[in-house]
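Which chain is which? They are A, B and C, in the order written, and residues in each are numbered from 1.
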């Protein structure tokens, strides 16, 4: 269970949001909405512990994530704007690295995973030579690979074609049905059942002062 | 745990060998800088032998400085750094692996080309062995210290010069102890004490620096 | 202990406390400077070897000592900032660093000026001067790093880490320089350390050291208050303070 408690984010003297409170339970798919610059990415970076909140806490299973990072990261998969894929390595080598360092489904076949994301035949190509969409697919292939409860995905559909989006949506639903949590931002309309999908809307703060 | 260390080193080395020019550049730079000195001040062997330790060590410092950018910068840009920070392993341990790989790629080549420079600068064998030992112990300390500097500046747009400003003063003791040891060797004195001091600094750096690097990365990548 | 300290971890309270302390520091500085300088420069006896030129000791030694003291304060603040994540401690570092750098600079310049009649050269690679020069480099690195971050919260944290790395390194630097110096030039230098100093020379020096300490305190408090205002400018108490000042001025 992920619980955000009175989160306040200040970046370069601008208040992005303040006193944000919400709880996400296993089995939920949560979409964070809001116009550009409202702090969606900043919120996600707070949730995964890359940034430290100005005030407030992010708790995972009741303990603050900053106190027990290694346990939290056993359960976390984060994909940000940057793919985290090394351009000098092949798709296979990239995935292999993540497979060995992160909790992964036992006995999964990397070749099959790459085929699933439509990269069959590209396994041994250096990722620098792949297109932007293909590089993102390499990163997204980690979703099939990992064994984490909590997925935090910042704009996962960037540069992904329509059929790819369909496949991913299906994967999110399966993950939620197995008791996982999917937290994502996207500007696309999701064709996920309303009952499964929760929305959190961030709003622009008009005055930048604490009152 | 050692498997994790090995995986990180393995990934780093693979990536570096795919883009070969990257690893060789600092070594070239090192050789060229050392070559400039005889050209600049004359070729008197006695004079060259006198200044050799200082020249080689300053050149090694500058070469190390050049190579530091790539320790975290590329990873920062393509996002693998933030992924590394989200791994369920101690960040200090992971960055130790990265620094070790970096030393293999930049410190070790300097050790390999050092005999060549010893000949260039008219060093005798006793002095050279002292030079080799100080480089062997000193360059890992440089890598660790430099990694702190890079970790602090990696998020900044113009971190390059700043990195040298904060790192060079901190590396002065290594320069002093190393050149003193080589000088002692040149005069036929024992330099074991100085080597032991360098060794103590290396142990201190290995135990403390990874935590400073990890803490700095948590600041820079946010 | 933490119970009574805790209110001062609030920026507003610290700002007020610093404001209350500031005049005392200023008064102490003025008094000690007047007494110390007049005594030291006019009434203390001249040195039998160095003549009147030794009197620069009344600036050089206090400045050098306070340059070190400023760094120690920063290191303590950095430790507090990193362990207990108290932002005021980070502001403290940002406030003191430039003052410390200036004191180091004063120590260097007066040291060089002292060196001229002593050694016949403006700059000699003396261990103490070299250490001070490196201390100046370290200070400038911290200030440059702090200014390079546009987000001041991150800047404060980065500066704290660098300060702590520096404090571990500074003693090593100092001893390496001392050692380097004794091996390279050894006996050619004159030694400053006299077995004892005549009390009529020592008293003005002690007064000047106290004066520089309160001067350091006063400057730091001033900068600390500014730093709080700048960093807390989006808080209501700061805007209330500004409107109060504006109305008071009418």
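Note that a contact is a pair of C-beta atoms (placed from the backbone, for glycine too) under 8 Å apart; a residue touches a chain by one contact, two chains touch by 3 or more.
All of these numbers come straight from a predicted model, not from anything done at the bench.
Peer 1: Centre of all protein Cα atoms: which chain's centre is nearest to it?
Peer 2: If we average C-alpha coordinates per chain, B lands closest to the whole-structure average.
Peer 1: Which pair, A-C or B-C, has more C-beta contacts?
Peer 2: B-C
Peer 1: CA centre of subunit A versus CA centre of subunit B: separation in Å?
Peer 2: Computed value for the inter-centroid distance: 36 Å.
Peer 1: Between subunit A and subunit C, what is the separation of their C-alpha centroids in Å?
Peer 2: 47
Peer 1: Nearest whole angstrom, what separates the Cα centre of subunit B from the Cα centre of subunit C?
Peer 2: One centre to the other, that is 32 Å.
Peer 1: Could you pull out the residues of subunit B that touch at least 2 other chains?
Peer 2: 222
Peer 1: What residues on subunit A touch subunit B, complex-wise?
Peer 2: 45, 48-52, 69-71, 73-74, 76, 78, 80-89, 93, 97-98, 100-103, 126
Peer 1: Taking the complex as given, what residues does subunit A use to touch subunit C?
Peer 2: 10-13, 15, 54, 208-211
Peer 1: Touching subunit A in the complex: which residues of subunit B?
Peer 2: Per the stated touch rule, the residues are 3-4, 7-8, 11, 14-15, 18-19, 77-80, 82-83, 85-91, 218, 221-222.
Peer 1: Give the list of subunit C residues in touch with subunit A in this complex.
Peer 2: 150-153, 233-236, 239
Peer 1: Show which residues of subunit B lie in contact with subunit C when the two form their complex.
Peer 2: Against subunit C, the touching part of subunit B is residues 148, 152-153, 155-156, 158-159, 162, 165-166, 168-170, 172-173, 176-177, 180, 183, 201, 204, 208, 212, 215-216, 219-220, 222.
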